[in-house]
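Residue numbering begins at 1 within each chain, and the chains themselves are lettered A, B, C, D, E and F in the order written.
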Amino acid sequence: MWVYQKKLQHPVRVSKCDPCMAKFLVEQYGGADGELAAALRYLNQRYTVPPKIIGLLNDIGTEELAHLEMIATMVYKLTKDATPDQLKAAGLGEHYANHDKALFYTNASGVPFTVSYIAAKGDPIADLYEDIAAEEKARATYQWLIDMTDDIDLKDSLTFLREREIIHSLRFREAVEILKEDRAQKKVF
Amino acid sequence: MWVYQKKLQHPVRVSKCDPCMAKFLVEQYGGADGELAAALRYLNQRYTVPPKIIGLLNDIGTEELAHLEMIATMVYKLTKDATPDQLKAAGLGEHYANHDKALFYTNASGVPFTVSYIAAKGDPIADLYEDIAAEEKARATYQWLIDMTDDIDLKDSLTFLREREIIHSLRFREAVEILKEDRAQKKVF
Amino acid sequence: MWVYQKKLQHPVRVSKCDPCMAKFLVEQYGGADGELAAALRYLNQRYTVPPKIIGLLNDIGTEELAHLEMIATMVYKLTKDATPDQLKAAGLGEHYANHDKALFYTNASGVPFTVSYIAAKGDPIADLYEDIAAEEKARATYQWLIDMTDDIDLKDSLTFLREREIIHSLRFREAVEILKEDRAQKKVF
Amino acid sequence: MWVYQKKLQHPVRVSKCDPCMAKFLVEQYGGADGELAAALRYLNQRYTVPPKIIGLLNDIGTEELAHLEMIATMVYKLTKDATPDQLKAAGLGEHYANHDKALFYTNASGVPFTVSYIAAKGDPIADLYEDIAAEEKARATYQWLIDMTDDIDLKDSLTFLREREIIHSLRFREAVEILKEDRAQKKVF
Amino acid sequence: MWVYQKKLQHPVRVSKCDPCMAKFLVEQYGGADGELAAALRYLNQRYTVPPKIIGLLNDIGTEELAHLEMIATMVYKLTKDATPDQLKAAGLGEHYANHDKALFYTNASGVPFTVSYIAAKGDPIADLYEDIAAEEKARATYQWLIDMTDDIDLKDSLTFLREREIIHSLRFREAVEILKEDRAQKKVF
Amino acid sequence: MWVYQKKLQHPVRVSKCDPCMAKFLVEQYGGADGELAAALRYLNQRYTVPPKIIGLLNDIGTEELAHLEMIATMVYKLTKDATPDQLKAAGLGEHYANHDKALFYTNASGVPFTVSYIAAKGDPIADLYEDIAAEEKARATYQWLIDMTDDIDLKDSLTFLREREIIHSLRFREAVEILKEDRAQKKVF
């Protein structure tokens, strides 16, 4: 189980109201390679991976929940002071018609989140490559988002998150090598 | 952010290997009215509801994550000792072909989870009725699941979860009445 | 069965060609809380609810079909005189590429309608809270749509529809109380 | 708008409780070529087809709503006396976990209905071929369903519905020829 | 099996960088009536149609793969020189956030491709009407796309593809008549 | 463009009619990690990867089309002699109601194929890890399928396909190392 702590993993600031950027940022909230996809992927795999990597999946999965909350906070801050007309001008009129300013788990195009984005194969090597790919794809998305904003504060938060994905990718690559070695050893003895 | 505690909210035991029951139970893992849907619904609404009900959504949303973990543990325990032939006989051959024994967020029929099951309207009364309906629907699902098993230990866990849904429903109904009163007061003064 | 009458439940007028507003209005045609979702939800529940509320579901379900037709008429009137260039400027170029000026059951973002938006639980209390929530969510959507237009004629039609949702919500709340009383009585005698 | 008449287009009888057949029959309730798909397809196209075929679409669309109700009645009658154990044995345990005995708009495999099954192109020839194909596909489905039951009463209802699809297909083929002739005439004069 | 030949079926040229047109053109890449849908529909039906029309489905299915490649080339050429700002201005910021300039199989609104767009009924007449409808719908889409561009080179490629759809439609209509005749003959002898 | 050659990449034989195994095998036809997903993933990425890996994606993508055809042939052979009753007994009654014996692109549970299973990021390292993960996941699925059959001939074909996935995975891993080296070199000079 999880205990909620009333703080963000890393502080989130935005320099200005920018609903257009909020629209793009939603990609990391409910998109194919976003933080929700990441958290659900790792926490679900915990039950059937070799015991020595359960902790890794649990740690990173829990951290992704914290990232999801950071993204939500950014989206909220970028839109909270916008008028309906500003939302319309930013391409968020479609969102407003359904949700007013409430957040929702879609990608930037408005496609609802589905777990068809993620996988669990019961084969630890396949599952870990799925996880490495997930981190590399999330890293790429953060790069495309950083490219689209000139808000220094927002860039800082997005850069932090991109760096975390790089570290997660490295840890999953280490894990896959450990499992391969274990497997090789088993064949020898 | 959340901190993981290595225990379940309520102990989970099952009396026997029963992959057929596991198949039905998955409805509460990745189904329309399951625990994933519940957790995501409440945690997402936190940003745009009146401040006095943020805590309620946060508490219940976090508890639903713990329930999700309980369901995962039940499904895992009901299937971990099954052979492929037993899985096939239980109607899980389709699942095995894709996932081996790994869990996955589908409903009992194998339909992948989608956030199209949930809503966020930015209108606090509408959002709270959405939440009451969610709890009532989850209560019903737990009842249908209890009807389909004679495993005393599993019934105990499912009954615990059904009771929690009833309590959540009551708390959301209180919240909706408080908001209505606030609204009425505003009109008077 | 139903017999078609060649008139609308309430007259529909629009003051001007406004494809941008048509795009948003489609939310109530094929969106999560739109009239199609409402009609299908209530007509489907008729078979397994207690006999005393079948008529209510039948009446409101049939009325929602009439509302669906009103929305279709509004969308058609708002777009029928638009040129392809006007449609593109209004963010309907994507729609035009697929449908020309034909209507289609999507939400405002272009996501196709799915019955994953609705529920039927076989538990009358759960089903009725689902229905109350549906009406409250539709009421909210009509409010967001009214906020986005200054077309007096269109506002009139949308206000009529919003009022109907409020009345439906009240009738479903009465029904849920009647069922609760019936249930309480059964326990006593 | 539509007025409800408390009778079915054609009487529906079933000879026995048969939840397995109910499961297959659901294909015509919420499946790709089912009655819901048909009704929504034709009623939606009414707004942008040439005036002389609006009535045809309106009539057939309204009739398909009546067919949808006939299918619902059959499914209900085939399952209403089944115990949970009989539902499980018939492969409806997955359905029961979510819906108890309530109906739902899925195909026979449990996949939720989506309007991605239907089309509206704004081109009357394309729309009418879409409609002819729809009727031919529904005819085929009724044949496969008739092949799977030996219930004389049910066969009677399914045969009635199959015949209606054949008649609709003919009427749509006549319409497409009329439009082609009109088009040819326009080119001449 | 297929052998790749390093050339396009028909040369593809575009006169200018035009990401907005690329966005609309994607409708024929991953949309309901696009080339991917067409290729998958025909190649899948090959296994259960009467032997005399297998070759027709194989030929047209293989040609649609070539058309898919032509569309991909057009989309690539229309966007390859665009800056992120130009992509944003063209309504492709949402796409960029996820994919940078990579292509993806969505419709023009960004909805991911699904095989729910296509059908296979095991009834040859129904399958062929499905195919005729598909070609007529694709023809319509090409017309709407031609209407939206003034790029002479692009119009040339789109006109070529529209003409191919008309020819395919004719060939499927011939096939359906041949099968009907065969069927009539069988009844006689 | 592609030229069709009337032969399979590798001969496909099955020892007996086995519709139950056909049902599971469909996972590799239209499932998340199946051959359709693989072919579409690689062929789509060709346009935006570094020139030196276009050929690799083209070759493997084209080969996956041949694998898709092999799977289709297996499914067809496993079911072609089955009666409707045998299909029902094998859990294919739901499929029969919609498709008779025609094939369709679903996973083993009947969920229609969607491109939400695949990704294209425009970042070559991310795209290649996506591809490695895809091959590892397909390898796992082939293993689970081999586990579920005792048909020697079918096992032979599935083993061939599993081996191909292993080779593809190695080639994608080589490619990712080459790109990393290129990148490292660029930074040095």
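Everything that follows uses one rule, which is that a contact is a pair of C-beta atoms (placed from the backbone, for glycine too) under 8 Å apart; a residue touches a chain by one contact, two chains touch by 3 or more.
Which chain is which protein? Per UniProt: A, B, C, D, E, F = Putative manganese catalase.
The model shown is predicted, which means the values in this text are computed figures rather than measured ones.
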Touching subunit A (Putative manganese catalase) and subunit F (Putative manganese catalase) alike are B, E
Every chain in contact with both subunit C (Putative manganese catalase) and subunit E (Putative manganese catalase) is listed here as A, D
Matching interface for B-C, options C-E, A-F or D-F, criterion over half of contact pairs identical, gives A-F
Given over half shared residue numbers means same and under half means different, the subunit D (Putative manganese catalase)/subunit F (Putative manganese catalase) interface is different
Between subunit E (Putative manganese catalase) and subunit F (Putative manganese catalase), the Cα-mean centres are separated in Å by 22
Rounded to the nearest Å, the gap between Cα centres of subunit A (Putative manganese catalase) and subunit C (Putative manganese catalase) is 34
The positions of subunit D (Putative manganese catalase) in contact with two or more other chains are 32-33, 91, 98, 100, 106, 109-112, 114, 116, 121-123, 140-141, 144
The chain pairs that touch are A-B, A-C, A-E, A-F, B-C, B-D, B-F, C-D, C-E, D-E, D-F, E-F
Within their complex, subunit D (Putative manganese catalase) touches subunit E (Putative manganese catalase) through residues 32-33, 114, 116-117, 119, 121-123, 125-126, 129-130, 132-133, 136-137, 139-141, 143-144
Residue positions on subunit C (Putative manganese catalase) within touch of subunit E (Putative manganese catalase) in the complex are 84, 88, 91, 93-98, 100, 106, 109-112
Touching subunit B (Putative manganese catalase) in the complex, subunit A (Putative manganese catalase) uses residues 1-5, 7-9, 30, 36, 40, 43-45, 47-48, 58-59, 62, 65-66, 69, 72-73, 76, 98-106, 112-116, 120-123, 127
Residue positions on subunit F (Putative manganese catalase) within touch of subunit B (Putative manganese catalase) in the complex are 20, 23-25, 27, 31-33, 91, 107-111, 140-141, 144-145, 147-148
